[in-house]
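Input: structures, listed below.
The following pair of complexes shares a single chain, chain A, combined with chain B in the former and chain C in the latter.
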Partner chain A sequence: MSMYIVSSHEIKQLAEALRASYDVYGPQVDPQTQQVFFDQLGDVEALNLEAPIPSMPVKEILFPQMERVLQYKYDAEAQSVEMSKPYAERPKVLFGLRPCDLSGILVLDRFFLGQEFVDDVYLTHRRQCLLISNTCLNPFPQCFCVCTHSGPDADEGFDLDLTKLKDGYLVRVGSEKGQAIADERNWKPAQPHHLSEHKAVVDRCIDLFPEMATDNKAWVSRVMNRITTGFIKSETWEYIGDQCFECGACSFVCPTCSCFNVEDSRMCDGECERLRTHDSCSFEGYARMAGDHNPRQPVEDRRNKRFFCKLSYPQSKKYLRPGCVGCGRCQWVCPGDIGLPNVVQYIRREITE
Partner chain B sequence: MSNCHGSHAHGTCKQTGLCPIVTFPEVVNIDEIRDEAPEVKTFYMSFLNKDVEREFRIKSGQFIMCTVFGAGEFAVSLPPSPENDRFHISVRAVGKVTHALHALKPGDKLGVRGPFGNGFPFEEIKGKNIIYVAGGIGLIPLRSSIVHALQHREDFGRIILLYGARSSRDLMYQPDIQLWKQNAGFETFITIDRPEEGWDGEVGYVNQLVDKANVPIDNSVAFVCGPPVMFNSVIGEFLKRGMSEDAIVSTLERQMKCGIGKCQHCAIGRTLVCTDGPVYTYRQIKTLGEQI
Partner chain C sequence: MKLMNYKACVCNLCGTGCGQFLKTDGRKVFGVAPLIAHPVSKGKLCIRGWHANELLSTNERITTPLIRENGQLREASYEEAIALVVERMRQFDGAAGEIGILASARSSNEDSFALGRLAREVFGTTVRGIGAEAGHRKSMASLEHAFGYPGAHGSLTSIDKADYILVIGTDITRQNPVIGGNIHAAQRRGARVVTLSSSRTQIAKLSTKHFQQKPGTKGLLVNALAKALLAIRTANRERRANVDQMPGHTEYVASLRSISSVALERASGIRYEEIEEEAKFLEQAKSIVFLFSSGISGLDRPTIDAITNLALLTDRMDHEHSAVIPVAGISNLQGGFDMGVSGEPGNSVFKALAEPDSPIRALFVIDHDDGIIRDKERISKLDFVAYSCAYRNAFMDLAHVVFPLPAYNETDGTYTAADKRVQITRKNVDNPHGVLPGWALFQRLAVASGKAWGYQDAAGVFADIAAKVPGYADLSHELLGKGFGQHWNPKAFPNSRQRKFNAINIEYWESPTTPEFPFALMIGKAQHYWHQNNLMRKTIVPRREYDQTLWLYPQGYIEISPEDAANLKVRDKWLVNVCSSTGTCMKIAVKISPDVQNGTAYIPYFIKNMISDFLIPYENAYAAGEESVIPIKIQEA
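Moving on to the complex of A and B:
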């Protein structure tokens, strides 16, 4: 793996150069709300590699909240139909991904592309995508990626990886595609002391994680074991389930949640579109069938579904890692108190009692 | 094994060896519509693209995703036999999309993706007796396998159909049943829930037929499909008589949006009905950990 040491100015130049053949997405701070969004860059000056993790996961770009997957027009008179695929798009660069979001994308890759069937829509977005990750130098308040082995630095899946050091950015190359890009630039090779500095900043970051995260580190795998084998008291699940408002926010902000709904709708001009939208397994209508038969009606049946998906072995076998990447966004948005780290704590409390 | 339909599919389904239409629906023409029972119609159809039609192969017990243009897509099991049968689906009007389907006329077009799912385990049951148990429109997913079994009559022992419906009007595929009866060794027992004028057959529920038919338990498999109440009572009868949980096979239904294991709407416990099912043994169903 080649490594380079690159100035911030050269990073901006890289972003600018990539715009010729890619749509470049990166973290930007909204000047009015101070919120961080991972959005398409109108101007590379807006790229902010020091911003905290974005409010929404980067999966939004590869698996949008709402997406047209089919367009058609049915002529009832002539009994004929015209169909088209609306989702072919330009290649994208995800510039400055946080390692948790990168892990989330790898989970989605294995799920959408690595199972029995390949998801054509996701593949179209992902096929020509370039991933540039960005090491976290400080944990953000809700982070616990050290528990789920997905940070603070990336160790797989990136094309290029950036780490801010004293002399500039350390660029690690992770793929042939990344190497090809590096070869076109006139970058200085990194020295051995840069590598040890990289290790030092990552270690420093790990030390800065709040106690809850470091305490939970060994517990995630124990809790997974418990959830998989089913040795968790129903009272614990009820305690957790009772705090669920069924708002679905956790699913929407989760970098690995991939459930979707599909709906056909007719527009004013008679043209129809098939939309696929994010969905959440906590919603009451999630499993409801035509004729109103709902096999998953009881609330306890569905409120805790998500935790089985994130923290059980059968699901991890599909993802090749735990379904949780430790970004902590669910903890942020949950109006109850059942963000994933808390759920781990509740189950941990039961185990230790 | 067939080739892929252009860009519509990626590779071959590992489970069935077939190559389904995965993403982009193929257009079919509705050739003929028949009233099957109250609120149930059978739609005979053919692909506009004849190459696709030639390549389109199914296994008994699989399903397709059917698009009613302007209304949406629904999952429906396939009643035709894999060999020498007209391509058709039988659908009861229950929801938004199926009502829109019932409003269509011959010549209208539909979209089809599939076939998806594992199908019935025909290879494993050669030489055994097959007992089909169906309630109401539960005969639809079993039809394919009945026709297939009769086309390979010599591969199986006794073939018995136990079938029940609310009334004689609700009995599905009546001309087909008459035809099947002409096969040597096809035993049929049909019942309706309440007595009716002009009905001289059995009256009562399907589980009562298990006794009447004196079904063989050893070296037999039971294919059961019907409403949950019927399903549970029939399975109770078989288990009471000592049938193995692996020999009781059923096909489940769930809300499905993609058919290819991505949308996760059809999850029951840790299994996905669209790719792991829809055909399960009772032993598997018991361990799914959720209501079926």
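Moving on to the complex of A and C:
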């Protein structure tokens, strides 16, 4: 793997150069609210690689909250139907992905592309996508990627990976696509001491994690074991269920949640459009079956489904990693107090009591 | 640099006023993100807020003015529709009460203010009202008497800091979930959260203490808490000169003294000793927040008076983290009252519609929820009805002229949340049909009637509001655009420093149940059911969730306790006949719930028959809101 050492100015130049042939997305800070979004860049100057973790996961770009996936018009007399694809392929650069969001994309890839059926909508958004990750130099509140093997630095899946060091950014190349970009540019090769500096930066970041996160590291795997073997008491799930407000927020902000709902709606002129929207296992209607049977009607039965998905061994086998990437967003948005790290704590309490 | 695709605004679906980002390209809305820096919602949204994009993408919009011709609505130009409304309205005598205005609790302050002017200056009428005002009027009257101004005391952000939080009646995790979440967070940080409700709601489960009282005795319990608080102070020989000197104190204390612990326990099912224990915590708390629901399912006046009195008696209301907040279910209910479009006693449009011999002949209506068209027959017989709304609904069938309105993100507007926080939403999407904002439409009607108002934009309307509406003087669009809103200033009211106790009557509520009609039926709530679902029915996921309930209980459901179900020999989803003491009957499925007390039963609002067959014929039950109790019997179907 080639490595380069690149100045901040050259990073901006790279982003600017990529804008010629790609839509460039990157972390930006909203001036009014100081909230960080991973949004399309109107101007490279807005790219802020030191901004905290984006408030919404990057999956919004590849698998948006709501998307038109089909348009059709049925002519009843001629018995013919016209169909069109309202989504289009656009080359994209995701510039400055946090490693947790990168891991999230890898999970979504395995869900949408790596199984029996390949999802054409996701594939269209994903196909010409350049992934540039960015090592976290310090953890943000609620982060716990050290527990889920998804940070603070990336180890797979990127085309280029950036780490801010003293001399500039260490650029690691992770793919042929990434190498081709590096080859076009006159970047200085990195020295061996840069690599050890990279390791020191990552180690320092891990040290900075709050005790709750580092301490939980062993517990996440212990809880996975418990969840997989079904040893968790129903009282614990009820305690968690009582705190669920059924808003669905945890699923919407989760970088790996891939559940969706499909609905056709008729426009005024007889044309129909098919919408795909995010869905959440916390909703009662989500698990309803034909014939009105609902195997997961009580809220606690729905709520624990989420944690089976994030923290059980069979599910991890499917994604080749835990379903949780440790970004902590579910903890931010939950009006109850049942973000994933807390649930691990509750189960831990049960184990240790 | 502004973000390309995310625009900050205020969620317009309930009175909490959460911060929200819409993901939009300026033409369509694709998604929602919570706003982390917002002082009340702090990066949280409920299922409604998270699905605002679905509502804002619905095809069920009104896109152009419509005029009824030969029984059918046809498209028309603004010129034609406005001319028609002006010409028809001229034929009625507003001063004689022939024209009524029905405003909306979802309209922006600018729209409601301009509507108020239209009513007064153009139609010459004072007959008016807001869709969901019934309960809120009582809250306003009680608060105005107690604190000197018609609005909440304190801020919703107090929940995050207060020592003690008392939640009275409301099923707040359903009605205003983000406030419920804040209360839950307060409980977890160590605040004492006490809930008073007859059924075991989610907030009751999450509270430090839940008083599950018998129906109809919330006010009595609050008064008993006040009595116990006084007793502690007497025992400690403590005097609170400032409280003792408030007008009404002597009468209030005398009434409290008359509470008998035996009668209290018989009526409410709660022992006075338990209340005395609770009063100790209340006395120790430095900051106290009182929350109760207001609006269509609000409390009755004696209960609200008991709450405001207890608040004054605690002597903690000057603490920066104390508050008394009537929690509104609709976004701008408070703003509607502030703008003066609510119906005062004597000129209420609801009264005019309900009284068969009232002179009303024409109605001008904004955004009305179709599920609750009361007096529908009367409205259908009026000579002229004009209706304006962003979304299609059943009220259009009653209208002779229909005007479109923009959705909340298609125009600049300010909204006043339950705690008086005035916030601005800037236009972030162009209305594809170029429809006029409400204030501009009303101005056009005024101009066509020969009145010039001279408003250039919504900011100009707001400048007029600042000049005329008490409390709004310091506010402007520019100022509100800078942060996350600002509370209007109660000091603008001359009486704001003169606190007074409301007069109370101690009554030991007797349940209207009889051996023949042994169950006390109350209005229940259900998840995913808000605003009669006028709006939620136009979404995808929240509608599915609501339908989910209906799929399981297609005829609707009545919630009863497991013990009562066993005695009645019925099981979940079995059909029963429910008959009230006035003779109304309906067939409905049983839903067995451990959260319900024996002898009580709940039917949610959304069951159509509940309103049309049950509540409306039952004298005063509809008006009594959350406190209404109907004696019923339940028999096998």
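Going forward, the second predicted complex is superposed on the first by the 345 of 353 C-alpha atoms of A that agree within 3 Å, B and C clash if a C-alpha of one lies under 4 Å from a C-alpha of the other, contacts with A are read in each partner's own complex, and residues count from 1 in each chain.
Criterion: a contact is a pair of C-beta atoms (placed from the backbone, for glycine too) under 8 Å apart; a residue touches a chain by one contact, two chains touch by 3 or more.
Please read all numbers here as calculations on a predicted model, not as lab measurements.
*Asks:* After the alignment on chain A, I want to confirm one thing: do chain B and chain C clash, or do they fit together?
*Replies:* Once chain A is superposed (C-alpha atoms), there is room for both chain B and chain C without a clash.
*Asks:* Given the touch rule stated above, what does A:Asn186 touch, chain B (first), chain C (second), both, or neither?
*Replies:* A:Asn186: touches no partner chain.
*Asks:* After superposition on the shared chain, which partner residues are touched by A:Ser80: those of chain B (first), chain C (second), both, or neither?
*Replies:* In the superposed model, A:Ser80 contacts chain B only, not chain C.
*Asks:* Identify the partner contact of A:Val333: answer first if only chain B is touched, second if only chain C is, both if each is, neither if none is.
*Replies:* A:Val333 sits against chain C, while chain B stays out of touch.
*Asks:* Would you check which partner chain A:Glu263 touches, where first means chain B only, second means chain C only, and both and neither mean what they say?
*Replies:* Both chain B and chain C are touched by A:Glu263.
*Asks:* Going by the contact rule set out at the top, does A:Thr352 touch chain B (first), chain C (second), both, or neither?
*Replies:* Touch status of A:Thr352: no partner.
*Asks:* Is A:Tyr72 contacted by the first partner chain B, the second partner chain C, both or neither?
*Replies:* In the superposed model, A:Tyr72 contacts chain B only, not chain C.
*Asks:* Looking at the overlay, what does A:Arg288 touch: chain B (first), chain C (second), both, or neither?
*Replies:* The answer is both, since A:Arg288 touches chain B and chain C.
*Asks:* Taking the superposition on A as described, I'd like to know which of chain B and chain C A:Asp279 touches: first, second, both or neither.
*Replies:* A:Asp279 contacts both chain B and chain C.
*Asks:* Regarding the shared-chain residue A:Gln243, is it in contact with chain B (first), chain C (second), both, or neither?
*Replies:* second
*Asks:* Using C-alpha centres only, what angle sits at chain A with arms pointing to chain B and chain C? Round to the nearest 10 degrees.
*Replies:* Taking the centre of chain A as apex, the angle works out to 80 degrees.
*Asks:* Superposed on chain A, how close does chain B come to chain C by Cα atoms? Whole Å, please.
*Replies:* 10
*Asks:* Once the two structures are superposed, pull the chain A residues common to the chain B and chain C interfaces.
*Replies:* 261, 263, 266, 279, 288
*Asks:* So in the complex, the part of chain C that touches chain A is made up of which residues?
*Replies:* 1-6, 8, 19, 21, 23, 30-37, 43-47, 49-50, 53-54, 57-59, 173, 177-178, 180-182, 184-185, 188, 202, 205-206, 527, 540-541, 544-545, 547-549, 551-552
*Asks:* Give the list of chain B residues in touch with chain A in this complex.
*Replies:* For this pair, the touching residues of chain B are 10-11, 13-15, 22-25, 27, 67, 69-74, 94-98, 107-109, 111, 253-255, 257-258, 260-268, 270, 275, 290-292.
*Asks:* Once bound in the complex, which stretches of chain A touch chain B?
*Replies:* So the residues of chain A touching chain B come out as 70, 72, 74, 76, 79-81, 83, 85, 111-112, 115-121, 123, 258-264, 266, 272, 274, 279, 281, 286-291, 295-296, 301, 305, 308, 312, 314-315.
*Asks:* Can you name the residues of chain A that touch chain C in the complex?
*Replies:* Its residues touching chain C are 28, 30-35, 37, 39-43, 45-46, 55-56, 60, 64-67, 242-243, 245-249, 252, 261, 263, 265-268, 275, 277, 279, 283-285, 288, 292, 294, 332-337.
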